[in-house]
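Letters are used for the chains, namely A, B, C and D, taken in the order the chains are written, and counting of residues starts over at 1 for each.
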């Protein structure tokens, strides 16, 4: 269990388990803090109040799915990781620093939608932070690839799916930032696109019908 | 420790440890956030104020036991799990998304009980979320069973107990939703029913008297 | 790594790692939430305001040390644990339910001390919760002992130290509850008594002088 | 996996995994709570309000990097740790007790900068807490070294880098405390200095050009 002291100096394997534990904690807390922005506002009956608070629910779902999608990427990434180095740990901290901020613009966007005001600044900030989270997630992947931190033998479907989705997602965010009217709808669409595994679901359906009998012998 | 690269493509074993770590963080944090809704309200002496705040304590206990019971189910489930796949990870995220919401209606219900008002909407929303948590927990179990994600050899008593309790619990929630007067009492009863292991306690008592001497040789 | 399926039915080893992870999360969050009660109050200069807020700092330290001491007990306990059973998991949940509550009376006591009012109710509630935490911690230990959940071979110094301190601590809490004037001072004293390892520190000093040279050959 | 019962009495190996789990939780949570202090204040347009809130963002980044840097030190330290003893666990608790406090002065400093008031007390308290965190982190390292808790064979670059940076950092904090005008700028500079691995980045660049071909054969 102790890391092998024979690893070449300066590139020794840092245990990645604590990076995973700390990151899981931060992802989990950031996701949970989002609930503090849920609140029902004064006017109307109880039912009306609950219904009128929909922007908060929408922003909650978008932010939760974005954090969840980033966690899925992070898991897929560290799953293939052979080791972490010092720069990787720092890049990871930078990603977490931005993820932790997410509950803040989420609350601002919820208020903006609620007031139906034109405060596009908040929506833009929110989109920029979503974009930066995505870019930093891909930067972690690119850095690990470049420094040969991945175990060679493994081919991770989850990570490939994330890489395939990178360009469409970035284009989506840029469009959202350019056309504020569409922004929130696009953020929601991207969050769903990032977390729902359409291919895998289709494949699972096919497997279920085609090879259910073979599963047990696998 | 690295997952076997020979697992058949498209069904390779994703490490389940990070799913457990992330889930534990979210369960723990959601349970802890409940305490933010505990507060003593203005009128009366200190003792009266503390005593009058009972609805908050009751809602706290119901929500804590519901989260605790879901955690017990989740633990039993992943304990038997041989591996997770991509859809399982997403279903798990969906379950966590709803668990995290729980502190929000908990606060609303506490306020409703305190005001003795007729704001049944909050009590109903609370019950719906409790019901959805239970349904998603059982969906995880059903999905794992259907996709043969469980290790074949093991028979989990905890999971069987959860399955046995599924129908009574769902019926209990539906009755609570239909008869708001009974709702909070039923929520409390269900939470106790879910977490107190009556059978196991009885069995432990029997074991204690019948086979205490054999335990050491086991 | 998968638990041995040959364990006798009804007493099979539940993995204790998730119980530890969940408990660590809850202990950590409850300890961190305490900081939300730290606040500087309006009157006076900045320095005066900071100094006048001392009751909050004192209550913070007492609660943090109590949670820390409970975590130390919990760690020592699960360290010796061979396995957990269903009742143990529930007892553990009950302990966590009470630990999570702690930030609430901590805030009340801080306010009481600040106002120099006679609101002994809050101080009493605080003490009762501290006492219940201690009793539940010892109940976990007693249950594990009674059900032979501990590994036979090991002798845990940390756990013995906790058991040795049990009676003095309970007496201390009872005195504090009976004599409210002494309560906060006693809570503080007990928290220090629980977490500062006087014997171990003395022994470390002796070891340092007596056997420093032998340490390397050990 | 169970610790060897043959370890000499009084110095038996306490499992360090729970200390890591608990610490990761507290570090992660303290870092996440910082976001609660981010808020946009009333006057001006939405954009002006967001821009005027810069002190909060600055304080957030300084505190996050300080917690992140302490986590990096903590990881490097426990990575080399062969075992923990009872005093080490207590020193660790003390470090966490101070880390958890950090969101409190962070909020005060943000308010002070925002008001452009002369409330140096808050800035000084903030710096004192940053300094104490650093001293306690180094105390953990010194204690582990003194009690021979580290595994002999390993040479940790990360830990050496922390030790090398110790004196400049302490001098930086002392200067900041003596010259309040420079304080916040210095806190920021120290946080960057602690977390950005200049040497390692330079070395990575060199490695990339010089030995990229040899990496695969390593």
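As a convention for this text, a residue touches a chain if its C-beta (ideal position, glycine included) is under 8 Å from a C-beta of that chain, and two chains touch if they have at least 3 such contacts.
Here the structure is a predicted model, which means the values were calculated and not measured.
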Outermost chain relative to chain D, judged by CA means, is B
Here chain B maps onto chain C under a C-alpha rotation whose angle in degrees, rounded to the nearest 5, is 90
Are the two sides of the chain C and chain D contact the same residues or different ones, given that same means over half of the numbers occur on both copies?
different
Computed distance of Cα centres, chain B from chain A, in Å:
25
Provide the C-alpha centroid distance between chain B and chain D, rounded to the nearest whole angstrom.
35
Any chance you could list the residues of chain C touching two or more other chains?
21, 25, 28-29, 36
Touching chain C in the complex, chain B uses residues 20-21, 24-25, 27-29, 31-32, 34-36, 38-40, 45-47, 50, 60-61, 64-65, 68, 71-72, 75, 78-79, 151, 153-155, 157-158, 195-197, 200-201, 203-204, 207-208, 215-216, 218
Counting only contacts in the complex, chain A reaches chain D at residues 2-3, 5, 8-12, 14-15, 18-19, 21-22, 25-26, 29-30, 33, 36, 85-87, 89-90, 93, 96-97, 100-101, 103-104, 108, 119-122, 125, 146-148, 152
